[in-house]
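Chain lettering (A, B, C, D, E and F) follows the sequence in which the chains are written, and residue indices restart at 1 in each chain.
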Amino acid sequence: MKTETRDRLRTVSTATVATALFKRGFRIQMIQDVHPLSPDQPVLLGEAFTLRYMPAREDLNTLDVFRDRGHPQRKAIEDCPPGAVMVMDSRKDARAASAGAILVTRLMKRGVAGVVTDGGFRDSAEIAALGFPAYHHRPSAPTNLTLHQAIDINVPIGCGDAPVFPGDVILGDRDGVIAIPAHLADEIAAEAFEMTAYEDFATERVQAGQGIFGLYPATDPKSLEDFAAWRKQNNR
Amino acid sequence: MKTETRDRLRTVSTATVATALFKRGFRIQMIQDVHPLSPDQPVLLGEAFTLRYMPAREDLNTLDVFRDRGHPQRKAIEDCPPGAVMVMDSRKDARAASAGAILVTRLMKRGVAGVVTDGGFRDSAEIAALGFPAYHHRPSAPTNLTLHQAIDINVPIGCGDAPVFPGDVILGDRDGVIAIPAHLADEIAAEAFEMTAYEDFATERVQAGQGIFGLYPATDPKSLEDFAAWRKQNNR
Amino acid sequence: MKTETRDRLRTVSTATVATALFKRGFRIQMIQDVHPLSPDQPVLLGEAFTLRYMPAREDLNTLDVFRDRGHPQRKAIEDCPPGAVMVMDSRKDARAASAGAILVTRLMKRGVAGVVTDGGFRDSAEIAALGFPAYHHRPSAPTNLTLHQAIDINVPIGCGDAPVFPGDVILGDRDGVIAIPAHLADEIAAEAFEMTAYEDFATERVQAGQGIFGLYPATDPKSLEDFAAWRKQNNR
Amino acid sequence: MKTETRDRLRTVSTATVATALFKRGFRIQMIQDVHPLSPDQPVLLGEAFTLRYMPAREDLNTLDVFRDRGHPQRKAIEDCPPGAVMVMDSRKDARAASAGAILVTRLMKRGVAGVVTDGGFRDSAEIAALGFPAYHHRPSAPTNLTLHQAIDINVPIGCGDAPVFPGDVILGDRDGVIAIPAHLADEIAAEAFEMTAYEDFATERVQAGQGIFGLYPATDPKSLEDFAAWRKQNNR
Amino acid sequence: MKTETRDRLRTVSTATVATALFKRGFRIQMIQDVHPLSPDQPVLLGEAFTLRYMPAREDLNTLDVFRDRGHPQRKAIEDCPPGAVMVMDSRKDARAASAGAILVTRLMKRGVAGVVTDGGFRDSAEIAALGFPAYHHRPSAPTNLTLHQAIDINVPIGCGDAPVFPGDVILGDRDGVIAIPAHLADEIAAEAFEMTAYEDFATERVQAGQGIFGLYPATDPKSLEDFAAWRKQNNR
Amino acid sequence: MKTETRDRLRTVSTATVATALFKRGFRIQMIQDVHPLSPDQPVLLGEAFTLRYMPAREDLNTLDVFRDRGHPQRKAIEDCPPGAVMVMDSRKDARAASAGAILVTRLMKRGVAGVVTDGGFRDSAEIAALGFPAYHHRPSAPTNLTLHQAIDINVPIGCGDAPVFPGDVILGDRDGVIAIPAHLADEIAAEAFEMTAYEDFATERVQAGQGIFGLYPATDPKSLEDFAAWRKQNNR
């Protein structure tokens, strides 16, 4: 991801990005029904590195499987590149954990940018306290072996009904998490950055009492003039 | 709504109102599974002004539809009377937003009393910070055009499996939101107000160590005597 | 429950207990999808005392049923032993309340250790403020009579798809609630206590930058040596 | 059940009974989402004899539990009175079977009137071929021990979100199964029998081209006159 | 609808129509999870005439409401034009009926082309025997008054998560029901008719042992030549 | 698969196999909630060849993708070995088709043993008429491109919440479909074959009026003696 793209995406919302993607025909890039573990965690931003779970066959998922350094869950934790976002396909099943605090802490220490599952994390209070961007559906204490077998690293997956390809740009805020197709990241960042300026301007106007007709969207030429003046004034 | 009714309802809970309605044969007036965007937002109270969404047909829901001042979503935002509560039938589908922060801010500035959807709001953190009573199922970033087409203003709707008619009195607290049929608002307010006095009394007694038998409900005459004394003492 | 067992369980997480149970072939002891009413409430710990609800037939569930001291819901509130945890089988149906603040306050005043339902509580904000361990699926204002008839006290039940027998040891933290079969409480407590020491050690190491291979699980003999030293140093 | 009641109920539909119950304030007596195993099976009619399942704890549900004649599932099969209907509370979970062909055949041979579960039966094709009234949600091959532990015989239960008390009169047709509260069976049978006569008359008229206004319901006095004539003519 | 359009649509499948709509950007026109009451019923085809249900408030939904000829459900039955398809928005809730055999028979006798609900019909066996195109989610015996209040006639609705506008062309087969936007009916019919010819040709070839590469889709020029010959030979 | 294993499995039910797997600690091998397209289709038996779908990103799923012979869905249809069963992971989403009649016909003509999806098939009536073992959740007309992108061939997958590995032995009957881990196929076949003999014997006895105690399971030595005689007599 270009630095400029990164800098812009850090300042825009998933809602604005979703609209920019909608304009281009993308309707399902939002990872549905995942939530930040802490309302105070930083913005989530990075390129997707994925982990795929399948249902856990009992004979293949005893506790000693973790003694194998090649176990895909543990390997993924050590392989996920710094700056990337680990995205887990847990088949929207939060009855057992996708991971816990020790693994998430390791991701954080390794410089990974954040972690997302459409299942649940165990040790959720500890993870919430890390100040690390983490998203799940809900807390879930049982070990992943109970229901989830890690099977593939960095393949295309589904997460919360969204398609996620390795390298997609993942952005998360309080509304949730969205996957931006890699080849569109620059143009979406540029457009969302511009849209955000206008939205901030419109929000100010609405806060000041102006109605939405002509302002949002900017069908009144006056709105665009006012916006131009506002940008100058606010260095936006 | 009479001022007296309004004043009383402001001090009672949705739980107490639900019981008063239950006595009269109403079992489904609670809007199911909607939650306040902020735990600190004020009580929600006002008469329902409704907006009905249907599934969004793609050709009728491009971004430029909002350029039309007659678009029902935008029109509803500007038409909802001050003091009313906008209630949105989003078919319990939170995969796309029912509205976002700019529109909700506009409602607030126009003096609207609050907003409820059985779907989700985008820009949920910004809305939560407004200090404005807002309820939804969960945050949802995608633009409403993705799945929801606003089609009717101020018709009877379903919201969270509850029937909501324009003019119904809408009350919301931390437990959620309930719709009081308009013609019953005064008597429900009066009864719930009285019930609340007794509940506060009973809570005090239970906090002081008294058991619930005879006290809750007040089958012991002594309970009613004590309550009478308590009311006098507490000006209730 | 032995004092030692109680003391140990107070310091371990549901996640660790879930793993200790998983080792013994127990996969469904976690009560699914219940949440603490307050993030600040104390740890939940005690032996299960159960209440079973069935769907409420309308003629048997008018408000005056509570005038009967033998009504199972009210009787259960007064009968639940101090130190026990009341666990309610609400058939995973949160459309009506399992109980409200007055009854939960009474439980607290009677010395009960906490309360769990796989439905919802009404007066949820008041309950959250009690500082009493309480878990439900979501807030729900309608009186239990709307949908739930209390029918049995202290029989084996399902709660959140987990089997709960009277006397099972119930442990709850921010991740949720787990039922430990009574006959295993001592050994699970002992094992989880030991596991927790190692997890705390491993967490420290990971925070200090060590990788998980060899450390978690402790396949590297060095890890066990370091752990032994750490225990000595930390009196664990 | 009186013979007359039985004779009448055999000729009426669950739909008609549901309406007669609705008039008396009963809204949830229909067992939701259960289906006949065969479209050709006879009408289901008899008094409820219940079996309650709870989630199956693994250590208590190994295959050898069935060696115990006191096991509640097996005991219930041999105890259910001839003429009764066995109704199973499987917690609406069809992921494992509630029973299979051998047990259902035994019920049939013992003169039991039929069987209902809100879960699923295994050996569904064999059961469908028995000509025995059986209802479930869907076929389910795994042994009940996988998820269901039989725990109580002939207690009040929920089945498909309906309340079912031992002795309730159970009626099933192609639309599904309804529970008639025992004390109302005679009057519901009488009323439904009369309603059915009118419905048959109205159906004939509608088949002959008459409109529904005035006919259904019979607001036009002419309709009642015609009906009287029709009854005489048809010996109804 | 033009006669030619009608004649063509009668011979094509919902699957083929769905693909033709997909090419034009329509993804949600299939009414999800509705099923024919009988596998033998004729093809469903006609223009949509809609009925909207909302949740039934108890005081407004007593049995005597049907005495009013203006009641929207009963009025809709008598107003639906011959040749049209009645489509009911039952909010995907099959816990109570959308209609029963008498009303559906009346629709049939009036020359209506068929009926669709995303809820359920009562008297489902009788309706199945009519030889009339009828689709629902599942059978449901309780009277609609239990949960559904008919509120609007011939407005745009959602049905099974599809948008349905009055006048849309409704087509149903064994796979289910699809809504073709009215302005596209002619071109979709023409295209689907052509596609069907090719699919029939391809099916024959596959039945004869040919592989799908080059044939389906027709990327091999030989396939188009063979198809041209086939059309001539078969008068298609 | 050995011929003997194949011959035995053809004569046993998924229910019996599920019990044999349960004895060995396997609880989730049944593919949940899939149904035969026709009640008359032959038994499904063969080794799994898998296809994995992910959510369909719009830009990668236009109709022309099928022009590519390397498209995983089309390639899988031509690559699936004769005698194998194609098992599709459609993420339990039946809103769009997993495949249609032309592709399923091609599978049949190629000698494939059957097809299973946890989504839905389009052209379901045509597939049902093929006499080919096919299982899905429900019919679904929209092209798979609407929601499903084929992404991987013959990798381990989840299907209906069951783990399915390439080479697992897939068995389907009227109850549904089960995956037997490849390394256990012989012993499961042998054991299920023996169990089936006893079940057939027990069924005969129950049909003849014998009770289940001592017979099912065979805790009475007399039952085993009778069974030995029955086997001799029936050449089993």
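Here is the rule we use: a contact is a pair of C-beta atoms (placed from the backbone, for glycine too) under 8 Å apart; a residue touches a chain by one contact, two chains touch by 3 or more.
In this text, all values refer to a predicted model and were calculated from it rather than measured experimentally.
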Next on the checklist: Strictly by the touch rule at the top, which chains does subunit D share as contacts with subunit E?
Outcome noted: F
Next on the checklist: Rounded to the nearest 5 degrees, how far is subunit A rotated relative to subunit B when their C-alpha atoms are superposed?
Outcome noted: 120
Item to check | For subunit A paired with subunit E, centre-to-centre distance based on mean C-alpha positions, whole Å | outcome: 39
Checklist outcome for this item: Taking each chain's mean CA coordinate, subunit B and subunit E are separated, in whole Å, by 37
Item to check | Shared interface positions of subunit C, touching two or more other chains | outcome: 27
Checklist entry - Think of each chain as a node with edges to the chains it touches; is that a line, ring, star, complete or other? => result other
Checklist entry - Mind giving me all the chain pairs that touch? => result A-B, A-C, A-F, B-C, B-E, C-D, D-E, D-F, E-F
Next on the checklist: Looking at the complex, which residues from subunit B come into contact with subunit E?
Outcome noted: 25-29, 54-59, 91, 93, 149, 151-152, 155-158, 161-163, 165, 181
Checklist entry - subunit E touches which residues of subunit D in the complex? => result 13-15, 17-19, 22-23, 27, 30, 32-33, 35, 39, 173-176, 178, 199, 202-203, 206-207, 209, 211-213, 216-217, 219
Checklist entry - Can you list the subunit A residues touching subunit C in their complex? => result 63, 66-67, 69, 74, 77-78, 94-95, 97, 100-103, 105-106, 109, 122-126, 128, 138-143, 145-146
